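Quick one: the structure is below, and I'll ask about it shortly.
Chain IDs A, B, C and D follow the sequence of writing; residue 1 opens each chain.
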Amino acid sequence: MKSSCDVAVIGGGVIGHSVAYQLAKRKIDVAVFESEKIGQKATRAAAGMLGAHSEVEEEDLFFKFSVDSQKMFLPLQQELLSISGIDIQYNREGMLKLVFSEKKKADLIGKTNGRQGQTWLSPDEVKACEPEVTSKALGALFFPDDGHVSPIALNQAFSKGAAKLGAAIHEHSPVMNIAKDGENFLLHTPNGKVSCAKVVVANGPWSHYFFQQLGLPNQVFPVKGECLSLKTSEKWLTKTIFFDHCYLVPKNDGRIIVGATMIHDEWSHSPTASGIQWLLEKAKEILPKISKAEFDTAWAGLRPQTSDGKPYIGYHPEDENLVFATGHYRNGILLSPVTGTMVRDLVEKRSFTSEYTEEFSIDRCRKLEVS
Amino acid sequence: MKSSCDVAVIGGGVIGHSVAYQLAKRKIDVAVFESEKIGQKATRAAAGMLGAHSEVEEEDLFFKFSVDSQKMFLPLQQELLSISGIDIQYNREGMLKLVFSEKKKADLIGKTNGRQGQTWLSPDEVKACEPEVTSKALGALFFPDDGHVSPIALNQAFSKGAAKLGAAIHEHSPVMNIAKDGENFLLHTPNGKVSCAKVVVANGPWSHYFFQQLGLPNQVFPVKGECLSLKTSEKWLTKTIFFDHCYLVPKNDGRIIVGATMIHDEWSHSPTASGIQWLLEKAKEILPKISKAEFDTAWAGLRPQTSDGKPYIGYHPEDENLVFATGHYRNGILLSPVTGTMVRDLVEKRSFTSEYTEEFSIDRCRKLEVS
Amino acid sequence: MKSSCDVAVIGGGVIGHSVAYQLAKRKIDVAVFESEKIGQKATRAAAGMLGAHSEVEEEDLFFKFSVDSQKMFLPLQQELLSISGIDIQYNREGMLKLVFSEKKKADLIGKTNGRQGQTWLSPDEVKACEPEVTSKALGALFFPDDGHVSPIALNQAFSKGAAKLGAAIHEHSPVMNIAKDGENFLLHTPNGKVSCAKVVVANGPWSHYFFQQLGLPNQVFPVKGECLSLKTSEKWLTKTIFFDHCYLVPKNDGRIIVGATMIHDEWSHSPTASGIQWLLEKAKEILPKISKAEFDTAWAGLRPQTSDGKPYIGYHPEDENLVFATGHYRNGILLSPVTGTMVRDLVEKRSFTSEYTEEFSIDRCRKLEVS
Amino acid sequence: MKSSCDVAVIGGGVIGHSVAYQLAKRKIDVAVFESEKIGQKATRAAAGMLGAHSEVEEEDLFFKFSVDSQKMFLPLQQELLSISGIDIQYNREGMLKLVFSEKKKADLIGKTNGRQGQTWLSPDEVKACEPEVTSKALGALFFPDDGHVSPIALNQAFSKGAAKLGAAIHEHSPVMNIAKDGENFLLHTPNGKVSCAKVVVANGPWSHYFFQQLGLPNQVFPVKGECLSLKTSEKWLTKTIFFDHCYLVPKNDGRIIVGATMIHDEWSHSPTASGIQWLLEKAKEILPKISKAEFDTAWAGLRPQTSDGKPYIGYHPEDENLVFATGHYRNGILLSPVTGTMVRDLVEKRSFTSEYTEEFSIDRCRKLEVS
């Protein structure tokens, strides 16, 4: 392990690696520090949905941020393929959000009426495009631009791409302490100390520890998400199906991923009997035929949640050499491209601001309390 | 592969290997032919319950056969450990058969009253020995002599033990055809022909093929059994729990095995979404706390069923050099020791009979039809 | 399992699946019968090299056949991606054949001088394009058109594509016997009999069994090939390197595959200590830095070899409803596209002939003996 | 995670778990903190040899300590089996230390002459007990009391046993900081703070970090050890074979473990191509037949080395509530029982001393420097 670098990124998930990739493209000497193996935590828990339109119901700045990020995937797919050789398996078949109550239907249509990138489908239209889906739905909102990628492939592509551009990727290298050392920071790890000019904290729920260590009141909570995958001999789904926080994502290799539970303040990485049972019940409601599918595997990961549901992306209030990029909750995969470029700009341009800097700022909580 | 042996055993599961082990102990030149890897089919599907008393409700010859076999496990454990170095993980904590209806209770107590090896436990007594088990049961029959082993370890111990005594074990060696060749048989396999004096057919539901090929009307059907295992940080169970064809087997390593579905005439080896869902529901009814357990893995295997529910163990009606040992259904692990010694006697002693030979004879169906 | 189909393909490797895919494209009712899991044998043993120019030294019909097949990969990649969603990971960086003796150099240059699709590189030119490769070579032949695919992905893409077009894929369904039944064939499998009008035998070294069963003297021998994969943090290779039957294939995910030993008449599927040791020594000679690479995994598979080194692709001499496609040895991946279309034509067009039919005919051996 | 405990043990390997088990037996409220999964690091790297006599050449205190520990395994096996249900697979077939030079032979015989627990075997005697071992050796020292256990099973048995007695085992819970908090310590972990009265630091090479953090100059270095396992169909070895830091350990399940390289100051957990190649070469020298064995798998782990080769087991020089138990290098499995009881005594009895306390004391280096 080199004893110094220009920018140290703490966290080897999709957020940390997207940041490292963007910095490496600018020829900045960047190193990623991952405490275990890369991509094993929130990144691994994800199904890889890119649901800018389906996950976000209000047309606010967060929605705009999501749409900005979603649009980056198409060029990114080519770019990452050519630099890393890894295909992120970008699927753009769209997403169906099933509706089962008149109230929800009125609500959804009202709220999103005329909004670009979505169409209301009647039960017959749902049947026409997804014949195996339950006929009990009153219809569905169709989001043609929402799709999915492989989270593991995306993380590997960012990581290989960054490495090829000169970044160092350190696995099994937890950062225990961020200490000031004159102008620089000294990162303490069990395998040595590393001096760096700037630090990006991007390790999901574990960022909580560094907020504390660096004197900030911000909180990041883990929310465990359990998932499972099923194999089908024929293709029973084309589009991603979404209903009541549960989704079915048809992968190209014939698997259907079913996710995800939300277990708050739970640090365990293991899927539980009750989580799997709930997912199987939900999946059967939506796609009755799925009960015949082959059970493949189950897993879980921890998503980083914040008190107001929005990520923290910004400078430490008293030190612009410390940048946070965490708290992306269920949207880490979707938001990774735009977070990468935004953090790159924060790192490169002292006191950088954009329309998003206030929205995701670290001290927004404090300001609320004061005002 | 040697081009000849004295006895060829077709099938590398626990029945075939028990037979091979007993023959090798008599210094007979025996070879096992397994089409894929040993112990992957019915043997792998089993949870390893030794339920002579709990699985068999009538005190008939089959019950006696089961009890005979169960008693062989204790000396076998020592014998196999010392010859193969493998511990079959024999657990003798007993089994509880939970009862939920008055009718079933009266029925069970009546039928088994005074029968040795079982006691009726009141709800309070059930609670006392298994505090985490549901309090909704009206009581339970307790079978102190019923326990369990590791099916994989048992099969490996028989296999290593047989090998050490001189048996040849051939994996990836399917027998395609059993042809008469003068006094001998010629087994056709894709990797060569093997000449042998005697053949034992012990390949579970696939035995059906050889009954046909050898001109017999006997049928063996596959019944798929799906299982799953869960991990718990504490020990929630001591004894095996049995209820409505579903069982929970607490293994020494902290796993609880939940089994098993019964899907008739199904040749697929894969667990399905509906099977896993059903097992999880059943397990929760019996042991509510299990919903917090870590989901470990799921699998399936094919059990060989016959028309009258009893195995076929005996000579081909027209050729005593052909012996069948198949159709053990859910009891293959339990019955493997006694099947091994019975087949050894059939092979060694021309026209051997015992109290069991008629009971499990190959032509018992024909006789029934004729009479 | 359906009890009949139009064409039955025996063997679920890359040859059988390519045939099934081409037949399904013609709307023919085709079923694949695989004895274990698809793609586990010769297909899995392969590194996926497409070495039409580098593997074949004579400019004969076999060379032409290889080049024809290699040219099919580019359109096939798109076609399979769009129908199956699976990317076969086609890499076209070219191949270097290293030369270490003056004799071999003269020989190679002489033989291939002016041949299209290859260039001689001096040691400096080798160093320029692959700086980590040993500088002990006297130069290398460069084959810009030779590349590689992922054999597993190719097999899955053919299989999923065929299934999507209506083919049935049966795993764990060994065919034990091909019997004549009037105009049709009756295939005996342990899970039932299947009637079909035509049969394609494509199960590699196991085809030997059906040649025998169908009265033909043709022989197919297994040649075990052992491989291993290594992981590197940086990219040490761009092109495939070839030397003395050993190759190093740089995969997109950062692995380097090293292959392959050739162990004749060996039916075991397991890599051995000596095979791994030999491969590691060879790899180190070619790419000294590789000794620092992370050891990933090792495996082996059986390649089907024939007496004259050429595959058998053609009609049974007495029955045009029986077609063989086997014996592709080390070239199964490369030759799968053209074998698929050639067998499709043999199946569709009674007495079909092309420039290749005689070359690969089943009775070419007999003819040689007679003449 | 509970917010307090009496004793916190940092490190979920075999040392930490042995300590936790002994403390839990005394009904002390103990919790283990493991940063990833238990038993994945030095513990996993070990082959499990118990080589008190063969590894230690001087009859000093360290030798006595080793022999004391080795004697504890027999009663421990029973004790752990009955409390945890896990068999540690204790093998007592003895060990052979092969000698290839006259000098080494004279040296070894001289040094160990008359020492109990060892015998000199001539080449013929070696041949008699291990016929497959190379006949090139000039003889061997035989250590009948040296054997081996399964390191994974031992660690699990300690862990399950401790848990059953009330200990808490926390995986994925790295301790980042040990802070004084009045009379107590406050352990900072990413998932919360834990208050405790006493701390045992037992996390192998990562202990180095806490020595530093707690103001001590002691150093613990990682030494990577690579291992591999091979499978044989027959039993080619009975005893463990030792030669030139390389060993072959015949496990009961038919595997032979070959270990281990020693790569200094290397933090990576991955086996390398050169390590595997070296091990295969060494293994072939000792047991020529091994080249035919099936290659199973390879792995690596980090062993904790100290400057004088002896472990640190003792109080922090200024704080008896802080105990270290680390630096066991290649002898962690062997020394785990006696380290467990020694640390238990250190924790329970303020200012406890024994004949070993000075030998393994934390400030022995400082004393050396001063004197």
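Everything below uses one rule, namely that a residue touches a chain if its C-beta (ideal position, glycine included) is under 8 Å from a C-beta of that chain, and two chains touch if they have at least 3 such contacts.
Since the model is a prediction, treat every value here as computed from it, not as a measurement.
Colleague: Name the chain pair with more contacting C-beta pairs, choosing from B-C and C-D.
Modeller: Top pair by contacting C-beta pairs is C-D.
Colleague: If you take the mean of the Cα atoms for each chain, which one ends up farthest from subunit B?
Modeller: Result for max centroid distance from subunit B is chain A.
Colleague: On a C-alpha centroid basis, what's the spacing between subunit C and subunit D, in Å?
Modeller: 48
Colleague: Give, as an integer number of Å, the spacing between the C-alpha centres of subunit C and subunit B.
Modeller: Computed value for the inter-centroid distance: 41 Å.
Colleague: When you check subunit A against every other chain, which residues touch at least two of them?
Modeller: 268
Colleague: Based on which chains touch which, is the overall arrangement a line, ring, star, complete graph, or other?
Modeller: Here the contact pattern is complete, since every chain touches every other one.
Colleague: Where on subunit B is subunit A touching in the complex?
Modeller: Those in contact with subunit A are residues 230-231, 268, 270-277, 280-281, 283-284, 290-295, 297-298.
Colleague: Would you tell me which residues of subunit A are touching subunit C in their complex?
Modeller: Touching subunit C from subunit A are residues 84-87, 91, 156, 160, 163-164, 169, 233-235, 251-254.
Colleague: Once bound in the complex, which stretches of subunit B touch subunit C?
Modeller: Going by the criterion above, the answer is residues 1, 35-36, 172-174, 176-177, 188-191, 205-206, 208-209, 212-213, 222, 267-269.
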